[in-house]
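Quick one: this structure, given as C-alpha cells, is what I'll be asking you about.
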Amino acid sequence: MRGRGRMWIAATALVLLWTGFAYDLSRPPDGSDYHRTVLQITRTAHDAAATGALIGRQQLDGQVFGPFAVSAYRDATRAMGSARRRLTEQAPPDGTSMAQRDRIAPILGAAADHLGDAASARDDARLRAAVDDLEHDVRQLATLLRAWQ
Amino acid sequence: MPPEHEAPWRVSMLLRSEVRDGAGRVLGRIADLETRRDPQGRETVEAVVITAGRWGRLLGYERRERTGPWLLEQLARYVLRRRTGRVPWRDLPQASPDRHEGPPGPA
Amino acid sequence: MLVAFQLLDRQILDRDGRPVGKVDDIELGRTEVGVPYVAALLVGQQALGDRIGGALGRWIAGVARRLAPAPGRGPMRIGFDLVAGVDSAVNLSVSRDQLPDPPLEAWLRDHVIDRIPGAGHAS
Amino acid sequence: MKRVLSIALGILTAIGGFVDIGDIVANSEAGARFGVAHAWVLAVGVVGICSYAEMSGRVSAVSGRAVFDLVRERLGPRVALANLAGSLLVTVLTLGAELGGVGLALQLASSVDYLLWVPVVAVVLWVALWRVKFSMLENVFGLTGLVLIVFVVAFLRLRPDTGALWHQATDPGPPAGEDWGTYWFFAVALFASALTPYEVFFFSSGAVEEQWTAKDLRTARFNVFLGFPLGGLLAFAIMLSSATVFGPRQMSVDTLAQVAMPTALALGKLGLAAAILGFFAATFGAAMETGLSTGYTVAQYFGWDWGKLRRPRDAARFHTVLIIGIVVGVALLMTTIDPIQLTEYTLVFSAVALPLTYLPILVVANDRDYLGDRVNGRLANSVGSVYLIVVVAAAVAAIPLMLITRMGGG
C-alpha cells in the first residue's frame, strides 16, 4: 500500500512538472522573452561572422588548407542561416521588440552576404574585401550586444 | 525433508522476508544467512541476519569487522544497521518462504 | 559463510579461470532435521529474472525460458559440491565444457557470430 | 619504450574521458566564454578520477574483478540493473557522439560531410574491435592522441596575457554578460566529463585484459598518475588556447573547426594538421573506449565471458552487444542530431549516474577479503569520501542546472 501511495505522489509530481514545462514552452512570448531570443540571435550571428573573418584572415596568411576552410565556412554559414531563420520565425510582441528586430535584421542580411562572398572568393583581393566587410559587421554586432545586454 | 511436490527453496525467497517474535511483533527482515560446514561437508544455515531497515543489501557493512572509510561507516550505521541482529535458525521453527513465525521470544 | 554477501551475485569461474556466469540465485536443500543447506548455485537469466521480480524480471525470465533448449527445465544448476573455493569469485573444480552451454550464448554463437569471418581467431 | 607503452592504457582511458568530442568542444567553449575560470574544475576532476581509477585498478589487479562485477555484487541485481541502464544509455549516446566526432575530424581534413563518414568509421571501428589486439589499439590511439599537445605549443606561441589568465584562474566566477547558473552548469559538465563512468569501466576491464596482477600495481599507479593528469593537461591546453584567441574577440565556440583555429593561428598548416590528427585519434580512441565499455558492463553484469583476449566465438554475447552498441550509435547520428550537442546531454546524464558507480568502488577498495593488506590507506579514503560527496552534489545539481540555464545557452 505504501509503495502504491508513493507511486501516486511521484506520478502527480511528474505530471505537474510536465505541465509546467508545457505551459512555459507554449505561452506567447512577451517582451523579455523576445529580448532574450534577439540576444541569442545576435550572439550567434556575431560568432558566425567572427569565425568567417578569422578564417578569411588565416586564408590570406596561408595558415589553413582548403578543406578545413570549406568546412569552417560551411559551419559559419549554417549558423548564420539559423540565426536569420529564427528572427523571421518569431513575431515581435511590442514596439521595443519591433525596433530591436529592425535594428538587427539588415546587419544579419549584410553579414550573411559577406560570409558568402568570403567563402566563394576566388582571389586574395576579393577575399580581403569580404573579410574587411565581415569585420565591420562583427564590430556592429558587438556594439549591439553590449548595448542590449 | 520437504515433501516431493514442494519446489526447493531459493535464497531469494528467504531474503527480505519478515521475522516476527513470539508475540507477533516484527523483528526485522532477513538480510543474510549465516552458514557453517556440518560433518557431511554441507553449508547448513546457522542463523539469519536481520535488519530493521528496508534496504536489503548492506554493502557488506553488516559484517562484524569494520574497515570502511569513516563516512561510509556512519552512513551504513545510520541508514542500515540501526537494528541489526542475529537470530539462530533453531529459534525459527516454522520458518518457510511464505510463513515467518518467529522465535518463541525475542532473540 | 554469509550466503547473500559472499555467494550471491559473485562471478563464477571454472577450473581454468573462465567465466561461467553469476550466482544469480541459490537453491537450498533440507537436512534430515529440516535445516536448510546450500545445495546448488543457480545461473542464468531465468533465475535472475525470478529474483528481480516485477514486470521487468518476468520479462527477463520469460525470454530466457523461451531460449532454453527444453521448456520447463529451469535455470542452470551447479551443485555446491563442485565449488572448490570462494574468494573474489566462486571457483569451480570442473571445466566449463562439462557444464551445459548457456542457451543465449549458444544461439548467438551459432546464428550470428560464427557466420562472421574471423570469429575463430583470438585477437 | 616498454615503459612508455605500458602506460598506454592510462593515456587512452584519460583521452576518452578528457578530450573526447564533447570535451574538446566543451573545454574550448568554456575557455572562450569564461576564460580559464574553470581551471579549478579540471584540477578537481583530475584528482577525483585519479583517486577512483587508482582504486579500481588496484581492485582489478589484485582480485581480477572489473568494476561492474563490484557494482552488481555490492548493490544487488536491481540497483545494479538501474545503474547498468543509466550507464549504458550514457555510454551508447557517447559512442554515437564519438562516431560523429571522428566524422567531423575527417570532414575538417576532407570537406566531405561528416554524415557520409559515419558509416565508414563505424565499420572500421567494428573491425578494430573484432580483430585487432587490445594492446595494439591502445598503443596506436592512445599515443597518437598525444599529438593534441600541439595545443600546448600553440598556446605558448600565441603570447598569451598570462596576468589576466592567472587572475581568471585564481578568482573564478562568471565574467560580465554571463551568470552564475551558466558558470556552474559548465563546472558540473566539465567535472562529470572528467569522471565519466565508462572511464573506470574501461580502465578496470583493460587491466583485466592486460592480465595485470598484484605485481603490476606499480604499472597501474604509473598509468593512473601519469595518464589522467596528461589528459587533464590536454583539456586545459584547449581551454587556454581558446581563452587566448576567442576571449578578446568575445566569441563563443560550438564547432570543431573553431576549436582548431588557435593552432592554425599560432603554427600554420602544420599545427592545424596536427590538431586534426589529434582530434581524429582522440575521438576514435574514445569511440573504442565507449564501444568496448558497452560490452564490458553488460557482460560483467550478467557474468558472461568478455574481452578481446578470447576468440569472438567464445564470447558471442559480448561481441553481439558491441555490434548492437555500434549500430545504435550510428542510427542515432543518422537522425542528423548534432554530435556535439549530444555529448553535452550525455555529460549531464552521466553526472546523474556517477554515484552508483563510485560508491561500490570505494566500498570494495576497503574490503580485506578482496584486497588483503592492499586496502585503501587513510589518504585514499579521505579523498574518496570527499569525492563521493562532490559526486552526489553534482548528480543532484546537474538536471536543475540544465533546465535553468537551458543547456548553458543563457
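Read from first to last, the chains carry the letters A, B, C and D; within each, the first residue is number 1.
Keep this in mind: contacts are C-beta pairs under 8 Å (C-beta built on N, C-alpha and C of every residue); 3 or more make two chains touch, one makes a residue touch a chain.
The structure displayed is predicted, hence computed values, not measured ones.
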{"item": "Shortest chain-hopping distance from chain C out to chain D", "value": "1"}
{"item": "Comparison of B-C and B-D by number of C-beta pairs in contact, larger one", "value": "B-C"}
{"item": "Chain centre separation (chain B, chain C; CA means) in Å", "value": "24"}
{"item": "Interchain centroid distance [CA atoms averaged], chain B/chain D, Å", "value": "42"}
{"item": "Centre distance in Å when chain A and chain D are each reduced to the mean of their C-alpha atoms", "value": "29"}
{"item": "Separation of chain A from chain B, taking each centre as the mean of its C-alpha atoms, in whole Å", "value": "63"}
{"item": "Interface hub residues of chain D, defined as touching at least two other chains", "value": "76"}
{"item": "Residues within chain C bordering two or more other chains", "value": "51"}
{"item": "Pairwise touch network: line, ring, star, complete, or other", "value": "other"}
{"item": "All chain pairs that touch each other", "value": "A-D, B-C, B-D, C-D"}
{"item": "Complex interface listing, chain D residues touching chain A", "value": "107-111, 176-177, 249-255, 257-258, 260-261, 264-265, 268-269, 272-273, 276, 409-410"}
{"item": "Chain D partner contacts - residues on chain B that touch it in the complex", "value": "56-57, 59-60, 65, 67-72"}
{"item": "Contacting residues of chain D [partner chain B, same complex]", "value": "74-76, 79, 359-360, 362-363, 366-368, 375-376, 381-382, 384-385, 388-389"}
{"item": "Parts of chain B lying in touch with chain C, wherever the complex brings them together", "value": "1-2, 8-12, 14-15, 31-36, 38, 41-45, 49, 58, 60, 62-63, 89-90"}
{"item": "Residue numbers on chain C that touch chain D, as the complex places them", "value": "6, 9-12, 17-22, 24, 43, 45, 48, 51-52, 56, 87-89, 102, 104-105, 108-109, 112-114, 116, 118-123"}
